[in-house]
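Just dropping this structure here.
Letters A, B, C, D and E name the chains as they come in the text, with residue numbers starting at 1 for each one.
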Amino acid sequence: MRDLIKKYFKLLIISLFVISVLIFWAASGANPTNIQPIAYNHKLHIESVELICSDCHIYVESMPSATIPNISICEECHSDDPITDSPEELKLIKYIVEEEQIPWQQIYSVPDHVYFSHRRHVSIGELDCSECHGHVEEMTEPISYPAWLPSMDNCIACHNELKITKDCLSCHM
Amino acid sequence: MPKNKQLDFGQDAALYRPIYETGKGFYITVCVLLAVYLWALYLYITQVYYGLGVTGMNQPITWGFYIVNFVFFIGISHAGTLISAILRLSKAEWRRPITRMAEVITAIVLAIGGLHPILDLGRPDRMLNLLSDGRLQSPLLWDVTSITAYFTASTIYLYLPMIPDIAKLRDRGTKLKWFYNFLSWGWQGTAHQVKVLNRAINILMVMVIPIAISVHTVISYIFSMTLQPGWHSTIFGPYFVVGAIFSGIAALLIVMIVFRKVYHLEEYLKEIHFQYLSTLLLIMSLLWFYFTFSEFLTGIFGSQTHELHIIAYKFTGVYAPFFWGMVICNFVIPVIILSFKKFKTITGIMIVSISVVIGMWLERLNIVVPSLANPRMDLPLGIYIPSLVEWALFIGGIAVFMLGFTMFAKFFPLISIWEIEEGRKESIKDVEKRLRSYLPGKET
Amino acid sequence: MHAKTTYIAQVLSISLIWIFVIAIAIWIINLLLISIELKDVPGASIGISIIVIPVFFVLAGILTYVFIGLHKEEKKIIKSSQE
Amino acid sequence: MPKWAMVIDLDKCTGCGDCMAACKLENNIAIVSPEEANVGRVMFWMDMITTYEGEYPNIKVKRIPKPCFHCDNPPCTRVCPVYATYKNDEGLVGQIYHRCIGCRYCMVACPYTAKVFNWYEPKWPDEFKSCLNPDVSLRMVGVVEKCSFCAHRLIKVKENADMEEREIYDGEYSPACGESCPTNAIYFGDIDNKESQVYKLSQSSRSYREMENLGTEPKVIYLSKRE
Amino acid sequence: MEIKRRDFLKLLGGISGAVAFSAYGCNQIIDIPERLIEMAKKGAGIESWKNTICGQCPGGCGISVRLIDGIPVYIKGNPIYPVNQGGMCPSGHSALEVLYNPDRIKEPMKRIGLPGSGKWESISWDEALQIISDYMIKQRENNKSHQVVFIDGSEQNSLMKEHISHFMKAYGSPNYYQYPSVKNSSVPFQLLQGIEQIPSYDFFNTKYILSFGSNFLEEGYSPIYYSKMYAHLREETEARRARFIQIDSRMSLTAANADRWMPIRPGTYGALALGVAYVLIREELYDKQFVNKYTFGFEDWTDKNGQTHLGFKSNVLGNYYPEQVSEITGVQSETILEIARELGINKPSLVLGDQGSADNTNSTFSQMAVYSLNALLGNFNNESGLSFTDQPPLAELPEVKVDKLATIGNKQPPIGLSQNSAFPFTNFSVDSFIENVLADDPYPVSALFLYKGNPLFNALNHHDFAEALKKIPLVVSFDSFLTETSEYADIILPDHTFLEKWDEISNIPSVGFTHVGIQQPVIEPLFNTRNSAEVLVDLGNLIGESVSNALPFENYEQEIKFRVEKIYRSGKGAIISEGLKGSWLEFLHQRGWQEGEYNSFNEFWELLTRNGGWWNPIKQKKYIKNLFKTPSGKFEFYSQLLKKKIDQIVLSRGEDTPQNRELLINSLNISARGDKIFLPHHEEVPVDEGIPLYLTTYKLLTNRNGQSSNQPMMQEMFGYTNRKYWSSWGEIHPKTAAQNGISDGDWMWIESSVGNIKVQAKVHPCVMRDVVAVPFGLGHTSYGRFAKGYGINPYSIVKNKYDVINGNSAPQATRVKISRAT
């Protein structure tokens, strides 16, 4: 009996260790894989095409939600004919042709019980997008993990710093 | 353990025997209690899974059995440490066989009682919010701190006087030697060690009394800090303390009588102990009545509509059986039985103790539920019928207490052996000396 | 060797008490700071912390005092028996 | 800082119950099962209290809509152990569901029985999920909830006002109950603003508050000729 | 093989955690409901509002629907719609529960089991329409088109009414009925004033309101409109506060808000009204000028033949002195004197009568008695509150070109008409309809179309109705839900809910101005349902050209456009100038109602649909002398119309002999004789002797007509006043309860000669001593998961009694006894 315990004790320790390592691996953003359907190149669009954020994220200044662009916004520039020779554009064209929405994965999100308004932060608070979203204009890969975690601690830290209200009811509902 | 082998226990054999000899009865008791505990645990898990809906609580009666039992168990816990500290402090020699049991009751019941608010939580998974975002303004947090303090103090107060006994068990060396060795902290019984221990116990004695009183005062504050009619009263602090000591003594008496019978401790727990304790019980009963009387008298003379509503609800309304039951259990029965020498037998005292424990539980029920059932607004009366889960957790709580006590008795002597020995050796001289010092005239 | 293991275990358990007491003190001070920050009746919090924190320290102190007292004596006895 | 308050004109109020329905729909308040409802676990943030006065046949019946009174001196916030219910600078007594541990102390402390508890996980038929108000979060089992004066509307109103760089005008922010009252018996506004309708009505000789003797200073003011 | 993090997490933490995890990047494995993920996918959360008209009851309130990304999430009152001005009732508020109801009928269904067995089979629209049209063509070819009956239970004054009647006319059947119908209810007014219109009451100027059981805050035609009216009585200013007395046998919502509640025995309202008239006449408090100038039959009079007839005055003075009335009604004679004097002194005053006084066998005469008080007080002049609205200038649908087959059918007598001359003023009573169907008299019914409503649930004699439904070979139901009635249908053609369809709703009865509301879809139909109006057009197309030509529109929307174009051309309305006063006007000004400026019909239409409707607060000037359309041209205390009708019936049956006349009067269950028949008088309600208590039923605002029973919110709110949820109760007076050994919350049996029901007792201080009051609305045996099996339908023990003149059902005419259920 005692031997058995001894034998399996080591196994147990090892397996616990392995599991925790796996969890860490899974939970950490250290190994980002591309989860977006199209490898959208922000840098290219911003620098070469000279788009600004609100060209595609159209509601960023006027609505709580900035929104992820849907296919009709892409269609304003792209059509059946590819503009570049990028294979990613072909993917986009496929969506356009099939009249399907692109299943973009949302990266930045706040939970259900939190009210976050882009309008409040961008138009009224006059924050720069990069404050939270990082330097998007330098990103060549699609975003797969947030540059700044929208967690309550992070929110409060900024509100503290800028002496903005910390009233619970101004975010929680 | 081989049965045929008779161990030599020496002078205090009756105190050692339960630790080394395990009968069938023990296993059966433990199994039954464990089964009850597991049943209660299972039902608690269902409560966590489905939500508090499985209880009988509702709006407006948002607090039910859990809070009642919380107050009740914490009240019982005052048996111990408080009584033993007072008796120790007053150098009452008859305390020697009692203190240990009292302290054990305190430690176990406090642990159980202290967990009851957690049973009552709608979101036990968010318990940690209390640690990270607590507000010391809330009486509930006062409770958390004072109960923790009391629990720490009473455990230490139980443990320290037990060290010499543990050393005795260690020296016997037949059972769990490493365990007793670990716990005995190298006790050898030298004069210095005795001095150190006595000094520590003396300090603890003085500390435990205010802590204990603060605990129940704070628990009463949970109620009296609200605006609820029937709760919002300054008398609640002392009232709860008195009630707590009252129920504590009763619980102690029950435990003493039961274990005296089961472990054949008649030699140690003599009639005189019960006589003294029951006299104390009688005094507490009268004191309790006095407090109850004052409480209701002010309520009635205040003539506040809502207050009167609730008093009427208790006196003649739905809760009349519980209210008058409480008065009978807490006042009528104790006074009748304990006032007459004829009834003041062990059986009589047992009956009184049980009735007081029931009565004090009813008192908690009478405090918690009627005030909530009669909302101030013109809403219909609330109806509270506790569900199976609540009963199960109540019974489970009692079972855990019994289990804890039984297990304790399995590993440690229920009566402080060294204190008995000390009593035999030194006390007679001491007492004589002390007595002389009280008496008029010069000491000789 | 056996005695030593026991001793280490005993020391560990005593230090656990201290950890517990210190943790409570830190917790209460943390709550105090929160209440000051939120202006949420800091008076009550200060009052409670003034009472509670010393109580816990005294309790742990007594325990340690007994522990040290008993062990000193034991060592003395062992030493004397060895001599 | 404005101080939001509600005035309910009981002379105008017919007791039709629309405020209750509006409130339930606006705030995604769960509908409990019939059995639950009849043992007193029904959830109305806006409740209706019926009182009878007098002897048959000269009986006066009055139905009194009862939201959370958002007391200026709230007994409930004082007892919350985790800061899940608190009073903010604008006088709203908030309830933060994700902080709440479900001890129900605030319900016990509230002399107006204004709070309700989620005894079970609130459930909706799947079909009804699409008509839930996206502005209000769903509560979970084991937390206390109560009328918030539709604070989510305040956030939006404030944001609109800030966008247009102006103050909030009187009547711009109104909870769902006041907005849809068929007799306009519910007024809402800033009681610190001497120009507001709520302030003027609160000075009326008909005004009274529930249980003023408790010192809770409710910010829901009733108007009634009968009182 | 590459293990992706998300796959791994799926294995680890279950699906929900993983979804949240992958969708939200990093450390947010907290409870994110799927709803949010859905929302995030849906889009920006862009809010918009659409105005339409509520279809939950005939009240016709304007509603604004809040749409988030096109999905309706909330309904509130349309603040600029004049009927409700932003106010709502609970039932309309929670109407999204109708739209999203899980028990909606999602596609056409054909019954495969026995009637009522609940076994259905889905079929396609084409198939369903084919079956029906084949049948209809056959009927028409066999000259049996008149055997097709259409019952419209929507109670709404909508374009649908015209639409269906056009269809039926073109098809060739005279049998289109609304049930319950405003037409029946307006008979008493017709008898007295000659016009078939429910008057509207304006509370603006009045100083004193005496309501005879009119529960206008709950059961009126438009409760929210009247709630607004009521609010004006209780304005801040002292002068505004009119006194309002409610006479009712229980404390209804309206009674609870009255300054005084007077309990009365059910069925004796007419007697009380005449008792009041007695005092007014005796003490000369009535408007002599008006009575002399504009009324007929007040004094005794002599006809052309020189015969002297009894006048209203002598009848009242002779038979209704207060002590006698007190005995009949249970109202103390002092009280009668008191209110009559108050009524006479505080002018202008209003007398209202409906519901309580209208739900009995004697309701026509009671209503006449109540209404004649208005004439005594001269309330018909322009300053007082009584008025009649004008018809809106809507275009008539093009005249139907009836073909030969249809002409034959149209000539047949209507099947709803009683065969024994009962209910002389209507062509439909549900009672006679059932009787005729069961007796195949005058002809069998071969097809029944049911549009909305739930007549089986609302009718007093369920069992006979069910038998009748079983007997009809083809029953087609146009409904969104499987009601008790549609359980008996052969084919169900699912209709849109009112939030998905077009309609035009105009002039709600008793609302004091001309108005037209546009009901428009706020969302695309959720299921495979169709607007019944368009289904009828499709049916017409299948039947043949002559029918399809009757409704020559592209779709229903075009039909509505055609109708309202005339409004545009008339140039009237929509801009407020007068007719409204004080805060109301200000209120509408603030909300920009008068901004309706338009230059073309398209602009007009656009504005109309955006704002929700059109109205014209300005009434055409009417002179009292032109108001009444009676034979005498005056307000007739002595109803010559009734006399003429009865003479006619007697003649049609044979010779006009006293015996024949007696026979007819007897068969009409009228107990009065001679001239009294034609005067407002009190008819004794025939009751079972020896049964002690009256049963009264009433409807609650939360669930009028039991229609809202499938909305869980309304089920929960059903008894909010008594804190009884999802269940029925019976209100009894404490003394009655004590006599029967019943205490609050006990279950009790209520037993009539028809049957018994078990309800929970609610001991209530405000019910008449010998009355048991049970709310109507629950007790469904079908109608979806939220309705079925909750509460009880009191109509199941109500005796099958009808008003003798207008054919309305009389749910208050039953006596019951109660006992404690164990």
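Convention: contacts are C-beta pairs under 8 Å (C-beta built on N, C-alpha and C of every residue); 3 or more make two chains touch, one makes a residue touch a chain.
Computed from a prediction, not measured in an experiment: that's the story for all the values here.
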Starting at subunit B, fewest touch steps before arriving at subunit E: 2
A-D compared against A-E, more contacting pairs: A-E
Innermost chain, taking as reference the mean of every protein Cα atom displayed: D
Greatest separation from subunit B - chain, by CA centre: E
CA centroid of subunit A to CA centroid of subunit B, Å: 57
Chain centre separation in whole Å, for subunit C relative to subunit B (CA means): 26
Whole-Å separation of chain centres (CA-atom averages), subunit A against subunit C: 48
Chain centre separation in whole Å, for subunit D relative to subunit B (CA means): 43
Touching two or more other chains - residues of subunit C: 40
Set of subunit A residues in contact with two or more other chains: 112
Two or more partner chains touched - positions in subunit D: 42, 50, 83, 86, 99, 138, 140
Touching residues (chain side subunit B, partner subunit C) in the complex: 131, 133-137, 141-142, 145-146, 148-149, 152-153, 156, 160, 163, 178, 181-182, 185-188, 190, 192-193, 196-197, 200, 203-204, 207, 211
For the subunit D and subunit E complex, residues of the former touching the latter: 9, 11-12, 14-18, 20-22, 24-26, 31-32, 34, 37-38, 42, 44, 48, 50, 52, 56-59, 61-63, 125-134, 138, 140, 176, 179-185, 204
Subunit C to subunit B touching residues, read off their complex: 2, 6, 9-10, 20-21, 24, 27-28, 31-32, 34-35, 40-41, 44-45, 48-49, 52, 55-56, 58-59, 62-63, 65-67, 69-74, 77
Touching residues (chain side subunit D, partner subunit A) in the complex: 86, 88-89, 92, 94, 96-99, 135-138, 148, 151-152, 154-155, 159, 162-163
Subunit D to subunit B touching residues, read off their complex: 36, 39-42, 49-51, 64, 66, 75, 78-84, 99-105, 107-109, 111-113, 115-121, 140-144, 210-211, 214, 216
